[in-house]
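By written order: A, B, C, D and E. Residues from 1 in each chain.
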């Protein structure tokens, strides 16, 4: 198998604070890999490095063998890296439909067309509606994003990412704040995407049951360092992970599910 | 050498004067993020009301107090009726404050007539000291002192009380500040009034410096104040005083050595600063 | 195109005059002076009837707001809608320049008052333009006459804009003709507040005289005095402005310069009438810098109409007005044939304190005759 | 029942939208009341209505027997109500320290003591004391928001989804701390993490489509799977 | 009053170009007069020095537009990375520098006094010029409407709303901002050319802050983020201006009619917070929503 994504000694320092240190890992094509770790461990920062929001102070990033360390967010998006944001990040004053339509439009590489009417691209709208349906946002298409409830915004975030149809999905706590009953449905979507093949997924989550259920492999980030990597079982049995990350809740998780 | 000192002192005085103008705007624009185009109006009102009292009573101090008073009063009215409905919306702020600016400067002419009014400093601040070839104009020395005092006052207010913090927090998230039990409306009102009072005071102080006051003086000076607040770094009072001094001193030297460029000097400084330090010279952390 | 329709009214009915002036904006005090003067002038020239030979004379004042585009709009309105026979104005050179081509297009006489730019009767001249106001060059000649002599070294100080540069260029020419040398020219930001660097340079140039051309709200006088320019043996000279601005010139008492008008400088009947009538009508106020100009403009129009026997035909009027002399509060004025600039008296003056007056008063040294102040002809 | 806060037939509009249609509940003093419901049900709006941020149009909100309808938010806060909003409401450009300072009404011993306690609970905040709040990690922001609301003495704390974004071990800490806070403060909790909600909640109300549709003691929900399935869509 | 309406058309074009920046890309510029002035001077200088023919006028206008395109490209490249206030102030500075340059380059511009020039025979009839301006306004309106309703226009709106998010959807934000400012600059230049032609005169005032503020006010009053808004705004401001100056002659109490003008601005914000068009739309959509509670209309959806 080829590694679709690979990092070498990746690191970033803010002032004196080393948020990510010497992280080397690779993700195989079609792999579902989760990242866990305490708050402030550097998970989101790692995503920011991968998607280009931040430039590393050290190390390299390769996408399909190609060095992308210096590429911009835009370039990486166009190369097939898509991400969702932990702190909801949408177009607040546009409608839900327009939010997703913009993602569809980008996916179709229609970026500098200034002379036709946007409605002449009917299929974009259809596709956008499709993704809204997938993300459980039916009937919300004409609402302004700013007026959505928090959980609905998370779904919109998800829909936008899906609409980009990236090869590599970076999901940053997609279900935080989603209703209990909706989480399984979203998981279903993620699972389906994974199973349909050709997508690679990196997921940050704190919901252990979900991680266990979905992941092929798990990485544990601790104080910016890659502490452990392995199959879900291996990680769960790691004592350090148990004591420093999971705490007592772990028992209840296992007993519940 | 003497020339150097003379130019520096004069530049410094001009800088302080600009700082006085900008100080109120640092609060209103820099801190509260209100694009107050009526600032020049407040300034002109301070000028006219203060000068009127000064000429009437022959007491410069009375003029200053009068200016501050009118500034506070106008600040109250402006905040309540003009600014309050448009916090957080720059586009609306531009329109409404420009409208109010017109009203203020026209009302000025209704009350005091359209003619310019000549003002001289009080006797004890007239003239200059000459030390060797170094010439220190008394009124300028006075301005420098007042400028420094004002800086100290605002600095203290922002550093040693929570007001600065609360205002910054309020601009970021008003609801949250309210939810913490703070009457942000009232604090905004007070800070605005303080800013307006400073504008009015600087209007009064600039009158004897410029020698005349006139109905349209507001806008010109206000633009200068905006420049200083921006290149100093928004909301940073230390930045404002340094930027103002910079503008004053560079202006003074340019007028002497490169007079061809002196028309452009303020704009040039601003362009250069912003191109090379886009966040202003002394941006607030964060 | 608009001219043909008004042709019919030219022999009969009311004669209409459109007056463009700054009634708001930076120059509104000038606008007030001109319009008051114009009204008085009309009454004076028609003995209060506002009629000649039974034809009524009417005037319409329009505010240019000291903005060129508004001036053009208002002028067009006057010419098309009101179908005026004459235009008069305006307070700003810029507004006036913008209107000059309209006079030509509509073939109407445009009496320029009090705009000062040389180019109005110079490069931008057309035959419909007549100017009762003095121009920058006349000011300059008068200024030079007051101080320039052989061997005198003069430094100049002016705002860095058209007005300043025009004034200094003209002054330099006039002063050098009289044998003086200009040792230093200093231009300052017209919107500036700090002129000390400029003044410093002037001091360093060590001239005998400092000739200042200044207009505008902020003034350099305090700073000139604070920097002890006079103590350093440099004599200051400038044109005396209107009363409001004279108040800013207290530090310059003793200065010798020139004046366009101050109410007790001219000594003639027209002026006496003006001062008295002005006081009567405007609760005791005195006529100011540009009041006599407004009056002169009105008088010139009435005189011209008398000469054409009431015809408002522009060609006839031009013929009548070229070389025409008429009595004004400033004595006899004559429209020079070549460029339609009114040659007029200016005054060499000294600023003195006067009891009961809270500003320095221009006191006459001598009258500068129209011939003496005649500016060069520049419209070719 | 000795209720600290009560909502009676509250209806709230945002602009022209009728968001809360009929919300009624009682919050007994010294207990934890949990609001449950799907996304967009109106839980957050309910809390905002109590805070006066979205004032009710009809019905009444009474705190300690006094009706609070129409009071400005700061007045409501000053009556002893603290609020942890769902988006944390961090002042991003202000440091952690400054965020806390804005919140502190006074710097009395009591307040300092509470601060000490809460900082020990979330040592991350101490580590990043001088760091702008906007640069904190998602979980750290959540901690700061909780700390900020807790530092003043309050009689009632409204907490909107505190567990979201927190690592399991921190969730556990928050749960314990809420249990500890309970000694001094009454709490209304909105929570999607049923595990947490069921463990620390005493009472629950289920909101759906802007109405309170069901309520009871938490035990009921813990024990009855069919109820859970019916109202929460989970087993 | 032909000339009044001509001015309205010209300023409508100018304000529309401004709205491309303010309303559709979220860029606040205090230096838009820069392009207006370039257009004005281009035409004026050409006509001053050459025989005025229609061909020359067309050429001069195109030249002005071309200059503006180049300058807005360069300026955009330099400045558009800056954040809101700083960008606004930088454009103010650059426009200020153009003003000083015009003031200083007296041999060409005659400074603040300015100069007059001849226009082609065809324009001597004001009706012709009026019609030309009207037609151009309509063309610009529909042209821009198409532009903002294109897929690219949608992206501009997205950038206005959340730059960073647009970037992570794969849109190169800077490119779009530059495109927007080039379009706005070119059209502003066109309006500047027409303005000079309408006055047959030009001076440095075309570069002043007042010109930018005019565009700003017209756009805001009419409705930011709509194209019909700036047109309405231009009409309202020019007509109100005309009407209020007229009042000064009705009674001396209106001598300070400018106060009323200021009050108009204030009332506009109070009663039409989203501009005339925006507020009317909101009202209409509110009425519609009475029946359908769950949806809401995006007020900037249509141009």
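Please note the rule applied: a residue touches a chain if its C-beta (ideal position, glycine included) is under 8 Å from a C-beta of that chain, and two chains touch if they have at least 3 such contacts.
The shown structure was predicted, so the numbers you read here are calculated from the model rather than taken from an experiment.
Leave out subunit E only, then trace which of the remaining chains are still linked through touching and list those groups.
Without subunit E, the chains stay as one piece.
Note the shortest touch-path length, in steps, from subunit A to subunit B.
The fewest steps needed to get from subunit A to subunit B is 2.
Taking each chain's centre as the mean of its C-alpha atoms, give the chain farthest from subunit B.
The most remote chain is A.
Please name the chain that ends up farthest from subunit E once chain centres are defined by their CA atoms averaged.
That would be chain D.
Taking the mean of the CA coordinates per chain, how far is subunit C from subunit D in Å?
Each chain reduced to its C-alpha mean, subunit C and subunit D end up 76 Å apart.
Could you work out how far the Cα centre of subunit B sits from that of subunit E, in whole Å?
For subunit B versus subunit E, the centre distance works out to 30 Å.
How many angstrom lie between the centres of subunit B and subunit D, each centre taken as the mean Cα position?
The computed centroid separation for subunit B versus subunit D comes out at 44 Å.
With chain centres defined as C-alpha means, what is the inter-centre distance between subunit C and subunit E in Å?
Those two chain centres are 36 Å apart.
Give me the residue numbers in subunit C that touch at least two other chains, ranges are fine.
In subunit C, 160 touch at least two other chains.
Which parts of subunit A, given as residue numbers and ranges, touch two or more other chains?
As it turns out, subunit A has residues touching two or more other chains at 147.
Of all the residues in subunit E, which ones touch at least 2 other chains?
Expected reply: 103, 256, 258, 296.
In their shared complex, at which residues does subunit E touch subunit C?
Result: residues 1, 3-4, 7, 103, 106, 110-116, 118, 124-126, 195, 198-201, 203, 205, 242, 245, 248-249, 255-258 of subunit E touch subunit C.
In their shared complex, at which residues does subunit C touch subunit B?
25-26, 28-29, 32, 160, 186-189, 191-194, 196-198, 200-201, 217-223, 226-228, 244-245, 247-248, 250, 359
Which residues of subunit D touch subunit A once you look at their complex with the stated criterion?
14, 17, 37-41, 44, 86-87, 124, 128, 135-140, 142-143, 161, 164-173, 192, 194-195, 232-234
Going by the contact rule set out above, which residues of subunit A touch subunit D in the complex?
Residue positions touching the partner: 14, 37-41, 43-45, 86-87, 147-152, 155, 173, 176-182, 206, 208, 244-250, 252-253, 256.
So in the complex, the part of subunit B that touches subunit D is made up of which residues?
Touch residues, subunit B against subunit D: 162, 165-166, 168-169, 172-173, 175-185, 284-286.
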